[in-house]
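So that we are looking at the same thing, I have put the structure below in structure tokens.
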Amino acid sequence: MEAVTKLAKPVAGSQSRFLKTETIVKWSLILTGAAFLVVMMILPLILIGVEALGKGWNAYLAALNEPFARKALWLTAEATVLSVVSNTIFGLAAAWLLTKFDFRGKTLLGSIIDLPFAVSPVVAGLFFIMLFGRLSPFYDTLQAYHIAVVFAVPGIVLATIFVTLPFIARSIIPVMEGQGRDEEEAAALMGASGWRIFWQITLPNIKWGLMYGIILCTARAMGEFGAVSVVSGHIRGKTNTLPLHIEILYNEYNFTAAFAVSSILVGLAVLVLILRNFVEWRMERKDDHEV
Amino acid sequence: MGRTGQVIPGGHLTMGIVFFYLSLLVLLPLSAFVLYASDMSGQDFIRQVTDYRMVHGYLLSFGCALAAAIINAVFGLLLAWVLVRYDFPGKRLMDGLIDLPFALPTAVAGIALTTLYVETGWLGRFFYQLGIPTAFSAVGITIALVFVGIPFVARSVQPVLKDLDGSLEEAAALLGAGKFLTFRKVILPELITPLVSGFALAFSRGIGEYGSVVFIAGNVPFETEIAPLLIMTKLEQFDYQAAAAVAIVMLAMSLLVLLVLNGYQRYRLQRQGA
Amino acid sequence: MMKKWWKAASLALGLVAAAGLFAGCGDESAAGGEDGKAASEFLNVSYDPTRELYAEFNQVFTGEWKKASGQDIEFRQSNGGSGKQARSVIEGLEADVVTLALAYDVDEIAQAGLIEKDWLKKFPDNSAPYTSTIVFLVRKGNPKNIHDWDDLARDDVKIVTPNPKTSGGARWNYLAAWEYAREKFNGDEGQVKAFVKKLFQNVVALDSGARGATTSFVQRGQGDVLIAWENEALITLKDSPDYEIVAPSISILAEPSVAIVDKVVDKKGTRKVAEAYINYLYSPEGQEIAAKNFYRPRNKAVFEKYKQQFPELKLFTIDDKFGGWTKAQKEHFADGGTFDQIYKK
């Protein structure tokens, strides 16, 4: 973060007569952004907090300690980790392919990667129901091998991977594109292996993008509701993820507990963000040392 | 891949991974779905998807998604700019908040937003006095879509802005170009690609969004009935094929949006390269 | 320096990936294993408002079944919109029994071949061990002076009701209003439609489910009257004294259906448990649990005991007035049915 502001400062300093208008511009931009976030995001969060603590701390803690809530938390964690890992591998491969090579159908491929964003989550869930559910031609085969995909954990994982599929690829591609191919081409001509080029040249260049992608993917995977809701079957204590558990509590008119569990998701998101800030800080220090 | 004269290795490997993954997770489920819908005759399909009610639903979803994506493009760019270029207290907090719409389950977001924007809500109270019905209207739908779309533009622009070479700006500033001119002529062109990509994502996400919208939409036929809700009503009648038909039309339209925008980006890149 | 850092990171990533894959495989074999172990788990797929009822019932029945057979079975429940739940069963959710809002939804599962076609006759009282009806919930003191369906069509009344297209409960609401109008206008179809149209023009929001509508009315203060399941209205009243129930002159007898999913119990070998489970719903103990959760029990003695909690009103059945669910569904709620017609411009 500091490295960036260092870049920006000379620009600001070199034109001192603009300083005053610049300060005004700066603060009005910051305040507009802040106001937008307050209305769109902070107020909903405050509302969740107020509702979660509406019946005091004890009710709050009781809601979190309930076995069904804990079970749901684990299932959510499992689905999140699996989808982040597989989408990271995919995202790196896809970004490499799309930015380092020219081939026909590239635009189409890029659009197919974006496709999960274009699919309504509910419909995404139906995709897997049609493919693995009782109405599917493969259903009997799956049954014969006792493999349950939909209305079981694998279906939930698949649906989560699907809805979060484009995040990492999409975060890296613009950065890799901005970086160009010159460095990699030079390294390749000098005889460096593909892996070495990737680890030593590409990866350090795209680390920011990759980091953002992983954060987004993690956050979205934790919160996914629509698609998972279709494939889960809502069996309490078995196939309920945290978001589904929240819906159940809400439908039980147990608003305090519903918002309390929502606040765990908010808390987890905050945790991920703190982690990111820490990693950023570490990497900047290392970069500075190397320079 | 080698035959095109590429020197960078890894083409076959990444091609393999990408195709395998996309086939398994996207194309196979998609074709299972399309196959299911294709059982119905062409006439039935056309009749289902061109019903006046459906058309109203598409238009509403598209209109609100477009409005929300535009709002997000403006504020996303602004937020990315503020976060990359300025230092101020609370910056980290602001940076962190941007991702929250992803982490919050859409249903929770929908419930929280509806509670805020109904006539008696903290914010609704204010808007209703101005004569703007924020809940159970197209305005409400747009609000929900703005919420779910915030991160797309901001997060697409941010890394590119961060990696932008400061020397160009410095040169422009030294040559006497004003701040605004520098922004328009030097910075903005660099940001078009991520801006368009973020816009496209926010837009297509908005078209299909269900969970957060359904609470605030009001769901009144011909007024606030969004396209994804129509899919649900078809399913509720156990009419899978009609549901699939509507879903496919929506999908085709969002895909078209993505294709056009991706094509535009490619065109820009090529022009830049030339 | 940089290189080492990335090597470490990638190694960690690889390990997590491998662990993830193992975990993934583990899940699948575990899921298979559960199928093999047959009767250790039992699933009741139900609709939204029965959560509390079956949470209590399952707990009692777990003990009963243990006493009767010595088996430890985990009784699980799944709740959601009635239609959505029926669809999940058709799509492969392995329910031993279904307890849904409408006979129509069970019929759809029977259509798909999972339940025998004559399920309605397999248990007493149309396979509906408890019933409910549709009433109005208004704010304390009844400020808008609402007493019957007529009042809902007044210009100054705002209504909250779920969407009949997506909520089973809302279909009962719609049909009750329809039948009231039919009696009032001596069956004149045009006038009936105009009345129902007028009524639905007063609707503020059509929530997608019954519980969502209750929340809009209670938590968010929307509208003057909520058209609700009687049991939902009674639950609301129990938690909050700010409301009262108004019983219209006439309403519909809602008969939520129960059925054994034959294909699933035969595969899992759980038919005996399933039968015992449903029969227990008809037993005095089961009826008592239903009554405590504000459903009207079929058992006369139990009903007498809880009589004071249920408002008195004239009830008609869907079979008598609408010729059964399949017909009502087609006429009123399918695409182009009367519900669509009243919204046509």
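Note that the chains take the letters A, B and C in the order they are written out, and that residue 1 is the start of every chain.
The rule is simple: contacts are C-beta pairs under 8 Å (C-beta built on N, C-alpha and C of every residue); 3 or more make two chains touch, one makes a residue touch a chain.
Predicted model, so just to flag it, every value in this text is computed and none were measured.
Shared contact partners of chain A and chain C are B. Interface comparison, B-C against A-B: more C-beta pairs in contact at A-B. A straight line joining the Cα centres of chain B and chain C is 35 Å long. Here the spacing of chain A and chain B, counted between their Cα centres, is 15 Å.
Across the assembly, chain C contributes 90, 219 as residues in contact with two or more other chains. Residues of chain B in contact with at least two other chains: 115, 232, 235.
In chain A, the residues touching two or more other chains are 86, 89, 135, 250.
Contacts from chain B toward chain C in the complex involve residues 51, 53, 114-115, 118-121, 135-136, 214-215, 218-222, 229, 232-233, 235-239, 242. Residues 1-3, 5-7, 10, 13, 16-17, 20, 23-24, 27-28, 31-33, 35-36, 43, 45, 48, 51-52, 76-80, 88, 90-94, 112, 209, 211, 214-215, 219, 235-236, 239 of chain C touch chain A in their complex. On the side of chain B, the complex with chain A involves touching residues 1, 4, 6-11, 13-15, 17-18, 21-22, 25-30, 32-33, 36, 75, 78-79, 81-82, 84-88, 90, 92, 94-109, 111-113, 115-116, 122-123, 143, 146-147, 150-151, 155-156, 158-160, 162-163, 166, 169-170, 173-174, 178-179, 190, 193-194, 197, 200-201, 204-205, 207-211, 228, 231-232, 235, 240, 243-244, 247, 250-251, 254-255, 257-259, 262-263, 266, 269. Against chain B, the residues of chain C that register as touching in their complex are 81, 83-84, 86-87, 90, 108, 163, 165-166, 203-208, 212, 219-222, 329, 333-335, 340, 343-345. Taken together, the chain A residues at the contact with chain B in this complex read 4-5, 7-8, 10-11, 14-15, 18, 21-22, 25-26, 29-30, 32-34, 36-37, 39-45, 47-48, 86, 89-90, 93-94, 96-97, 100-103, 106-123, 126-128, 130-131, 135-136, 158, 161-162, 165-166, 170-171, 173-175, 177-179, 181, 184-185, 188-189, 193-194, 197-198, 208-209, 212, 215-216, 219-220, 222-226, 229, 242-243, 246-247, 250, 258-259, 262, 265-266, 268-270, 272-274, 277.
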